[in-house]
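Common to both upcoming complexes is chain A, partnered first by chain B, then by chain C.
Presenting the complex of A and B:
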């Protein structure tokens, strides 16, 4: 029996290696805190699987753990593209717990949140180096995209030769400027959207299929 | 590096040459930067870090943040890296050029006032 089980395991391992090309690509959703990454992840997951990925909030660092939604099947032009979405914590180089106190949080809660946030950012960086096959980079089009964190992260993604799609989120806001993002990162295609309102999601799905299919 | 300042004497700035960083492993570079910054110094790297080292710097910085003690770092480089002009072959062969002046300081002491392709203007305060 043991021999048979071993043989079956070996065949199964060989088959999974052979067909690894078929495995869904892991697409990391990256960007600074409060760009709308989780809102986008939830929008994509709800549109194609019916489930959400995680809670959304206007308080920075709501997402403090990378969350993966597996086997999201996106249909474009009769073809199916299957991806795993990895919603990651917003990347930053600093976390000050006193900023959370401004959101009506007690000190203990703010300190705990900041500790979890730092762990989450470290986790996101690790995923980026080791575990994603492509990146959706989400920016808030109502804020200045020309920040060091954005420049560094896009540089890190480029250095790994990962396909990257830049999304200019929050186009429903009056201060939104998609052109500002296009000017900051002219080497990449920028797609405008509102993940909250669901504006321009068709083009987003077309591009996801094109870049990651 | 020699300690030359008293508590209220000002802000120490360490300008580290590319030559000094060249022979060091990634974690040694990150240690030099973070040890300096955690002492309240401004660290200026003549030739900056590679993207992979920048990624590890963010990761290690996060593990060292501690409430009321260390809030993290502020880091500034000129936005356009030379990597965009290089061939994939050069990058695979490790010839990637990352030579860009980089300024790193404690997040609670340094504030960027202005930044563009050719100028970084920052305000540095004492602890």
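Presenting the complex of A and C:
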């Protein structure tokens, strides 16, 4: 079973690299809850397709199902890079409905949101295992990046030999510290941005084309 | 003593395993319970026989034999046993084999009681069937002695399963345990993936979730969740 799956994975990956010009790479946007993943996904989608990917919210776990935006064409230096963007639910090791109660949510809604968020984490981990060709890892640069979740996820991504781009989001916030992220994950290039404000998006697209083109 | 075969009248000690596989003598499987108080009065027959079975196995060692005989004689005295031929023979053997001082005491008792017993026997023998008397005599004969160990061994064969009652349940348990273990491991694996502290509160093991081939589709409120197997997931 595992062997078969692995075999099939490697075949599909080999096939995807063979036909890379035809099949857009599927880039998963990963990160902890409330890092700005959906804001970034919407920014990219709006910039290049005119559509949004999904609703954004300051309430954590707004995205509880992976959402995909296909055939996003990004033009860099006269070259077109086509990717599928997968906006994934925020990955965490604990989901507690009481956290949502602080956001004026009824208990029933909070419990349901919590359950869906947990399903979403499971789904995100599953996508990471089988269905992404590269990862954009979004971190809130105003918070401590050195967490168990971040270390584990980046470790998994590295073990999969997936290309990963670390984005230090929310540089518009005063508490933002891009250097803290660079220090935490020196083995990867860290690109600062504000997905909300659209700051430094040009460099982000350059790097996307470079990493996933 | 407390149990007696309703067919042939053979008596069995309380907790005797022999009767569990049917009466070794007649194969009967109905036994009546005879409390000790009644035993002392009514059944000389049963009393006579049970002492004897212990003897054959003990025949190997003289000490065991003498102890068995003394036990038999004491029971005979209490129950007014009719086993003159057997006890007489036993007593003779005991006296002949009993070289120790402690043995001397019991034969003395035997002999003194033997006389009283014979009187009682002559009285009771009239009222008893010849078949019963012969049955008792048969039991005592050396020919039967080897048989009784056999019955013992047979009974042991029957017993080991029965006596090992704790064991047979264990065996099925052992056969079931692997399944249970697998189940537990499976459950543990699941709990390692997502632990439901209470509805709405979850702990997630990201590595477990990542390592799973199955894809968790939906969590139920009771803590269960449905999964999608890789084959169906991958179209």
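Keep this in mind: the second predicted complex is superposed on the first by the 192 of 213 C-alpha atoms of A that agree within 3 Å, B and C clash if a C-alpha of one lies under 4 Å from a C-alpha of the other, contacts with A are read in each partner's own complex, and residues count from 1 in each chain.
Everything below uses one rule, namely that a contact is a pair of C-beta atoms (placed from the backbone, for glycine too) under 8 Å apart; a residue touches a chain by one contact, two chains touch by 3 or more.
Bear in mind that the values here come from a model prediction, so they are computed numbers and not experimental data.
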Looking at the overlay on chain A, is there a clash between chain B and chain C, or do the two fit?
clash
Which of the two partners, first being chain B and second being chain C, lies in contact with A:146: first, second, both, or neither?
first
Is A:118 touching the first partner chain B, the second partner chain C, both, or neither of them?
both
Would you check which partner chain A:58 touches, where first means chain B only, second means chain C only, and both and neither mean what they say?
neither
With both complexes overlaid on chain A, does A:187 touch chain B (first), chain C (second), both or neither?
first
Using the touch definition from the top, say if A:158 reaches chain B (first), chain C (second), both or neither.
first
Which partner chains sit in contact with A:79 here, chain B, chain C, both or neither? Use first/second/both/neither.
neither
On chain A, the residue positions that both chain B and chain C contact, one per complex:
91-97, 111, 114-115, 118-119, 121-122, 125-126, 128-129, 152, 156
Can you check the complex and tell me which residues of chain B touch chain A?
50-52, 54-56, 58-59, 61-63, 65, 67, 71-77, 79, 81, 83-84, 88, 91, 96, 107-108, 112, 115
For the complex, which residues does chain A have touching chain B?
91-97, 111, 114-115, 118-119, 121-122, 125-126, 128-129, 146, 148, 151-152, 155-156, 158-161, 184, 187
Report the residues of chain C in contact with chain A in the complex, numbered from low to high.
193-194, 199-207, 209-213, 215-219, 221, 225, 230, 234
Contact residues on chain A for chain C in the complex?
1-2, 5, 8, 91-98, 107, 110-111, 114-115, 118-119, 121-123, 125-126, 128-130, 149, 152-153, 156
